[in-house]
């Protein structure tokens, strides 16, 4: 039920039947690219909308409610505004790097989205190193931030970029180790196999307390890696005005903005896939009636529901916590998260070796 | 021409162009970014050859690690307006001669060697094989213990920084 | 005497100077901190002021006393009532008249209300300085109620010019007592919410405790008064030391802390809010009947020099009037709290991180027009 | 100490002091030359302990610039006003007390900025509010510029 594989197979076989292999390949690539980009843009816009609504809820406000029903078109209107805005050129800035930085950031986040399984059979590429691939790609984003800060020829930006670099490089370790925990359980890096291994229960439930610890560490480190509050030191607006994107305007600023939200989505989607069973429905042990009803809900809803939950938690962090200081941030990673996650990984390896998980 | 071939040529061209630009760029950070493009294109080539693990490692280590390190050190040491001095004429000439010699040497070696397709079945490069080799104790094993020894290098680095650091005033 | 700013060679190439302000979110106004950094660490700070210097003291020399009260609102615009009161009290002292008890009670209630409003705005902005954006909306939500009360009685919300030499501009609105009482019960419930959102937060405590230590000696030497000084254990509450208006009639505590760090200054202000509620509580039901304005022929200070100070939301505001006996002062000097509170920043923030500088300057609660005048 | 005691104390330190006009506080007019030594004594002596200079200002009077120092002891809770009259109205100069009270450094910068009184031994005597190239000292009574309203 609800398998996308036959649909995609029939599409490719249709292309193969009607076009030469070259054109079939090209059309399938282009259609995939267009679909991903559209998805990316729409999702990014609505994540911004969601953040504004969540933030408003936390702050006893209404949030956007004028443009469209419940303000649904507000971010689209904002995007149009940003598109039409004048791009400011900065004297003495390295214009090539200045212009390319937002693209590096946004390309990194688009590429990461490609290998996330949204539902059964709905995945652009199912690499056998899926998790590693996403880690590798998302580690590229920081380069964009670094050169954006440097090329702006602004002191605030440089400080923001340096902070961001130190932060992302440090927290990548914890993200990686927390993901390794799930990989150790599943015995594979392929995202589809990881999901398949959770058929009889999500890892967060099957993996005892260590899995939960890994999940929490992943959430904290993931939030830090996306430069979001309370870890938004790179753009700490009370200290550095806007950090690395102080000098950006118009669509280039929008790129940074979109990429931030899409990175958050990638982090949440990865958490969903590795710990919360991806697009698998929620099942109660041997409670067949309940399980059948759950099965009727399409996997896409399950996936996006879980991801939305994780994203909500991350927004909740942002709107209730004060920001950390840079030394506290690094101390948190190197003194607490990293040792805990190393120990946790050891524990999980032991659990897996002994087959003690459910 | 098939799709993969087009992509191969695009990647190959990117590697060549960006490596040349990386060498000739006067601005040091730009050179680093061109280097990043070269490395990413190389990762693309690996993907095309289905060496996915290698590609990901290339991205993590080189693009995500080394280039970030390079950028970091540039950020810490140089100013936005500073550009590298143009090379001296004699150096330029010497470099050109050396590189032409190198090109001739490389090209003749490659052209003289007759490449033959390997008869043995291709080794699987999926994660399982790599993992077995890393952690294995048989032939081609012991990779992980070897890698762990490199921690010693890290310890030495940290130690040297500690010793060399200016005392806190 | 330790190293002064001039000793430091500004041309040193190693120095990395960034400007916090005048257009910068951390200074809440047009103030510039020329901040020298070493990495993330602040080496020294040179405050530059004068961006909003309007020459209030010079202007006041050509204005009559009831007129120059209007200018005082524009100094510390968050303590407008107290600023008015300071001038009014000083002129009344010079003229040797005493206002009715009704005026005293109303002045005190208004002053305490604006103290709460001011602390609320400070709390909101302080949370924002530390990156907790939600506090801003909590603080402003409740502050709005005070401003509504002000608006009903005085006609304006921020700079009221309601207290004037000889009494008040007008009598209070008939709803005043009822609405103040409503506010007190409302805000008593809301204050714990503030603590839940920010005070108890681990990150917040880590960011504020032990940061920006100011010893009592430093506070006295620099003349840091108000909650900032009291956070260092400096007993400087004019309401206690030299009670004026209705303060002799009420029981309240002077809040002091001995830690002297950012958290102590924060804590003092939070306690002061509930203390102010207590003061209002004791006064609002007992406002006596009487005239709101003394029948004075002319408001003229006799020849001489007069000094009076009041406790505004930020500390000691002193008014020094030199009079030749005419309708306007020969010289008027405002000893404003923020002026003295500002310059301690280099002393207490040097050696901390940039983020701490923002926290420390937030905890000093600076209102820039009050510095420049 | 009360007003009489304080005045007597200052008289003991500076015999040629004159009583001031203030009815509110103890006030003494002292010669400029003895100001710094007097302030130091007042601050450090156990009986006076004037540790808190809460206001320092200048007044432009007919007989010269009056420097008015309001000081207070936070321990003994008594207040004293010291006044110095600078008769030179063109280039007034007085010794700085910023080494005794840190707060004075900035009061004095403001006075320098607006009255043009020079403070000797001041660590950082620059204009505080006005631009470095501002001509004149606005709080002087004879200050004139093109845009001040005349009354």
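For reference, chains read A, B, C and D in written order, and residue numbers begin at 1 within each chain.
Keep this in mind: contacts are C-beta pairs under 8 Å (C-beta built on N, C-alpha and C of every residue); 3 or more make two chains touch, one makes a residue touch a chain.
Owing to the predicted nature of the structure, the values given are computational and were not obtained by experimental measurement.
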Which chain's mean C-alpha position is the greatest distance from chain C's? B
How many angstrom between the C-alpha centroids of chain D and chain A? 64
Hey, how far is the Cα centre of chain A from the one of chain B, in Å? 27
Using CA atom averages as chain centres, what separation in Å is found between chain B and chain C? 61
Round to the nearest whole Å and give the separation of the Cα centres of chain C and chain D. 25
Touching at least 2 other chains, the residues of chain C are none
Examine which chains touch each other and state the graph shape they make (line, ring, star, complete, other). line
Can you work out from the touch definition every pair of chains that touches here? A-B, A-C, C-D
In the complex, the residues of chain A that touch chain C are 55, 58-61, 155-156, 159, 163, 229-230, 232-233, 236-241, 319-328
Residues of chain D touching chain C in the complex: 21-25, 51-55, 57, 59-61, 68, 70, 74, 77, 99, 101-103, 105-106, 110, 114, 123-124, 127-131, 138-139, 148-149, 151
Residue ranges of chain A in contact with chain B within the complex: 21-22, 25-26, 29, 92-94, 96-97, 100, 127-129, 132-133, 135-137, 139-140, 142-143, 146-147, 149-151, 153, 158, 161-162, 165, 169, 172, 188-190
Can you name the residues of chain C that touch chain D in the complex? 1, 4-6, 49-50, 53, 55, 57-58, 62, 93, 217-218, 220-223, 225, 234-236, 241, 304-307, 309, 316, 318, 320, 322, 330-331, 333, 335, 339-340, 342-344, 347, 372
Interface with chain A, chain B side, in the complex: residues 1-3, 27, 29-30, 33, 36, 40, 52-53, 55-57, 59-60, 63-65, 67-68, 71-72, 74-76, 80-81, 126-127
